[in-house]
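Note that chain A is present in both complexes that follow, paired respectively with chain B and with chain C.
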Partner chain A sequence: MAKPTLQSRSRLAGFATEIGGISLREICDISIISIAKPLHDHALFDQNFIELFNQAPPLAPTSLRLKSPNCRVFQTQIDQWFVIGETNTIQDKFDYVTDQSDGWVALEISGENVILALERICPIDLHTDKFLIGHFARTMMEHMGCIILRTDTQTYQLFSASSSAESFLHAVETSIHNVT
Partner chain B sequence: MIIHHPLLGPRDASEFVHLGDATLLSRPDWQADDAIAQFHEYLYQRENPAGEYRELWYHEQGDRSWLIITRNTLTHEISSVELARDVARKGSAS
Partner chain C sequence: MTQINRLSGGKINRDKPCTFTFNGKILQGYQGDTLASALLANGINLVGRSFKYHRPRGIFSAGSEEPNALVQLRQAASNEPNTRATVTELYDGLYATSQNHRGPLNFDLMAATDLLSPFLGAGFYYKTFMWPRAFWEKLYEPIIRASAGLGKLSGEEDPDIYDKGFLHCDLLIIGAGPAGLAAARVAAHAGAQVIIADEDFLLGGRLNSERHEIDGIPADQWASETLAQLQEFGNVRILPRTTVLGAFDHGIYSALERKTDHQLHSNGKPRQVLWRIYSKRAILASGATERSIAFPNNDRPGIMLAGAVRSYAKRYGVAAGKQISIFTNNHSGWQIAQDLVDQGVKITAIVDTRDIPPPATFSGVAIMMGTQVVNTTGRKALRSITLSNGHVIQTDCLAVAGGWSPNVHLTCHQRGRPEWRNDIAAFVPSKSRPVGMSVVGAANGDLTLGAAIKSAHQTTNAVLKSIGFQTKRTQPPRAIDEAFAITPFWHVANQKHRAWVDLQNDVTTKDIKLSQTEGFHAVEHLKRYTTLGMATDQGKTSNVLGLAVMAEMLGKPIPETGTTIFRPPYTPVAMGALGGRARDKNYAPIRKTPSHQWASEQNAVFVETGNWLRAQWYPKLGETHWRESVDREVLATRKSVGICDVTTLGKIDIQGTDAAAFLNFIYANPFLKVPVGKVRYGLMLREDGICYDDGTTARLGENHFVMTTTTANAVLVYRRMEFARQCLCPEMDVHLISTTDAWAQYAIAGPNSRALLAKIVDNQDLSNEVFPFMACGEITICNGIPARLFRISFSGELAYELAVPTRYGDSLIRALMAEGQEFDATPYGTEALSVMRIEKGHVVGNEINGTTTALNLGMGGMVSQKKDSIGATLSQREVLINDNVVRLVGLQPVDKSHALQAGAHFLELGSKPTTQNDLGWMTSVAHSPTFGHSIGLGFVKNGHMRHGDIIRAWDGIRGRDIPVKIVSPHMYDPEGAIQRG
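So, the complex of A and B:
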């Protein structure tokens, strides 16, 4: 019997393009876990979080960017956080951990006119004085739930459901075409 | 319509789903002697005020929190937004 060979494939097959000075690409091989506070034991969760990250759990809209472990942490709902990046070393620290990696598709959009493209589909106030580097928001674009995270002056990461990855990409790409 | 989420700040109403009367948080005791009467009241009887009304909204396209919003049904003015969790813990849903 032939031995099967499996290969991982990202949701958008590593999509990357540049349209009118705005670049859009899929972030591949991303690892996402969610960690949540037990209902009646917040103190232990906070203690473990501080031991691991040297800071208290960040509250929306601020995210926490760390070098060791190499990850970003942000609050997705009350008493729940996403850890994106190097997640394999931290899972044992928390009682409620869910691997979310397969549930999401991640895009990075950047360029001089990136806000022009985003403001047409994103209901969040993205003014650079309001939505600072490191800020994130959980919202929707074109009726699809998503998370928007500002990682640099003109760079944003967008996370949406992997099941509708191509529709989400189409919405973002169309918005770029509409402003370039 | 903009809803000022107590944790996230101003958000568009399109991110939310409206459920209804905030008294739905106060579920009757199913073991009470008059449980049937209480549940009839709970399920079917609603106030329909022309003025301030407390209602449950769900932030579905956001942080998935339940909110209690005090809204004027005549003007749509929102005078208060609270986390339903906090209200339930205080026992002041009605």
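So, the complex of A and C:
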């Protein structure tokens, strides 16, 4: 008997909007893995990392942006990194890998007054000369744990728990509404 | 009514008239007015009634220190009581009413209270209404509360919205008067990130009210030009209408920005924003507040602070009276007189308590040195003052200049105690102020303009250097050091009439005398005994005066009498602003399970479990009671197959060569030898041996485990494990990461669960031989979708838990229900889940409640003493393992028609309900459709030895007392044959 087919569904159904010059959209079908450095085998991990990414593992708050493989890497805690993007070819290179793709909802927010909106919920200092392009931080927004990543001059990506995706979206959307 | 007291000039926009309503009267002011200045311009000074005696009260100040002019602002649900008219920015359509009176303001029926004042001294209610005791709450207090007080809340939901936010800066400057602006100029040029906040809507502070020059131009012009320059700097953020409320640890300050309070409508935007400001350094430039002098009947409308009279004239173009007199003990009173004359205001007399030559002369102004005001007349408006030399002066406004108190409030927010300075007769900040805070200008006791600017300039340079900024060598702006000499004079002694110290709380010098007589000398006692310094103004104009009067009465210097300190907030904050967005359904984040949408389509009834919304039951058409739905779900599951979303259980991915050893340390029972492909139930203990949490952990690989925790403890368990990993077991190679949200997980339970699963799994043999009870594996379903399958059972049935990446969660529940149609597959919610776990005797938070041990739960044997694990040693304390401890049992009513009650206590038959006779308590109850009656779980002393005994379940709160039979907690399938089948 034919088995049923399962459909993939993003938590916010591909939400996208623009309010007062600030655009906000869900980044769908994102792939995230965490990789961890074995306690007793740092050298091998570092060697594998450099072979793969041509650089040493980045330390917070700096992230590493690569074109091949097409991904971004940033440190989420001591000896742990997230790789976001093209992760299929990476997984086998490391011992401790956990698929995090479905644990997060990802939003991209951009626009001229984006910092005015973010400062309503983000406790991090986002002054552009302090939180540089490529910087990221783990923080809380409206009681929800999240990661904020600056990808461009006026563009940020926000990652938060997928189960509270709607509340997170509401928090960000409200912030935009309140300042535009 | 025309604006009879309007002068020329002022910083108001006469091209923008504003129509407003006060007590039903339609009036007009201008943009740039406050409600107070507009009322004065219209000749209205009677604006309220006093707190206790219902005395007529007028506008007293021109700032946030205002004790008198409190009004109800706006209407209906938007009504806000106790709003200070002196800081309420006028807008077109403003609606205000006076408060705390019965009948019209002009004829307050409660004014008779004033006649009873001899009986209403400080603390009268404590002494008078002592008996009968029962009358206090029911009679006395309601009457007192109704007759005394401030404004009234609407009782309706606040229709406004509020927001919060976070700001960061190198330098926070609190106050945008001359010192604050001078500081901002230096910091802006140095390139520091600067925030300058001021509670006023027009920045410049005293510069807008006085007639000095800075750098050769009028001071107000200097202020506006400086502001314009600051606005050009990208590194300076100017926050008008923003009160810095509190100073907290690590350079954090709270500030309230009033975004739309100056508008009729907020247009859907937040009315106020509560900021948390992170600063490297802060400069307090909050200025000083003028004090009054306590003299008989000094509370009449028309008696005002002298600086306020000048502000109304210069800044707002309003004369506070037609014939103004000045009563002073210092030189600022004379400066104010000069400013008023220059502004075209008529001065009648200057009365100075000091016996010195007059500092100035004014044509047509009576000058009395070494003289005091000893009485006043005029019920609803000042008519005359009587002087100590016997003169009576007809005047409608008395400007009182009692000296200046630096606004030290924020320096006290971390218990800093100000120091007394005799030369200015005021408290100034001591060195014990918040770390990183510097104080400049009048707030630091530099009361002259030149000194204020100079200190701000120098201090800011030093502060910036301390955090690594290079500052340019510049000279501070030039300004004069005006005369400010003061000879303290606090109050006019008079036995006959009352002299007010605290206008807002109706505290007089007599009250202070009473406090002193009755032994309440300490400042803290004085405040609580008399209410001095309480309510919305927090004693800004009265604290120092009250303390000085007490010092005189005690015959001690002020520093020896005490020091008054302050706590946040600096000014009152609306509760809505503190709540911010956290209201209604946005009070807290909501977590939804992957099946939420589908469950909503089935009309599921949801319950909050932590932040999660879980389906509680799924009512079907025709079902009229939740029990019908739950019973059906239980029976259908036990008969065929039921499906429950268990995604909410915490999931922790554990990897590392020491993962097994780590789990062996975390759990009380052994985990070292769990085979790959197997699940084991685990029990965690606290360090003291009490149970912490339980769950199952699956070994997916040699170095890879997946733990499930209870829903409620998911975060706590993860945090606890992370602590153990980093601090207790740093030598272990183990890595943790939460995957709770990454997997959608469904329990599939019932005799047909295997058959249903077989329809969707790819190439996985589900037979008992290949995939037995407590097996687990990483599989695929539905042609290649990655999944995890666990053969575990919470219901006691043949059961599985199937997990797929969350993105497939919605689709999977739909597929399971579609494929399960041939088995009458039934979704079940948390209620049915609970019923089945009670039938089976599985414990949850009701039983693992922070007081129970493994032994209590019937799992004492699981706590291995052959290994080191958290809590293993202390779990063996004698008090926890003696024969008399409570044990988990099942309970059934002897009369099967009785319903059991959770929380009931157990007693022997015939024994009295006393603590000594208490045998234990009922933890969980349910109606079991499987057994057809109520069942329960509970703890009974030595209960494991008493199966079959009858005891009482006594519930004193609900008045129930029924006999129950002790049975095994495993009421359903006690041998476990079904779940292993």
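The rule is short, and it goes like this: the second predicted complex is superposed on the first by the 177 of 180 C-alpha atoms of A that agree within 3 Å, B and C clash if a C-alpha of one lies under 4 Å from a C-alpha of the other, contacts with A are read in each partner's own complex, and residues count from 1 in each chain.
Heads up, the rule we're going with is that a contact is a pair of C-beta atoms (placed from the backbone, for glycine too) under 8 Å apart; a residue touches a chain by one contact, two chains touch by 3 or more.
Bear in mind that the values here come from a model prediction, so they are computed numbers and not experimental data.
For chain A, the partner that touches more of its residues is C, with chain B and chain C as the two candidates. Once the two complexes are laid over each other on the shared chain, residue contacts for A:140 go to chain B alone; chain C is not touched. Of the two partner chains, both chain B and chain C are touched by A:123.
Of the two partner chains placed by the overlay, neither chain B nor chain C lies in contact with A:108.
Shared-chain residue A:86: touches no atom of chain B or chain C. By the touch criterion defined above, A:60 reaches chain B but does not reach chain C. Comparing the two interfaces of chain A, the one with chain B and the one with chain C have residues 123, 125 in common. If you check the complex, the residues on chain B that touch chain A are 7-12, 14-15, 60-65, 83, 85. By the touch criterion given at the top, residues 59-61, 75-78, 123, 125, 137-140, 145 of chain A touch chain B in their complex. Against chain A, in their complex, chain C makes its touches with residues 161, 163-168, 193, 268-270, 273, 276, 278, 581, 586, 588-593, 611-612, 647, 653, 655-658, 703, 731-735, 737-743, 759-760, 762, 781-783, 785, 804-812, 815, 818-819.
Chain A contributes residues 1, 3-11, 34, 36, 38-40, 79-80, 95-96, 98-104, 119-127, 130, 142-144, 161-168, 170-171, 174-175, 177-178 to its touches with chain C in the complex.
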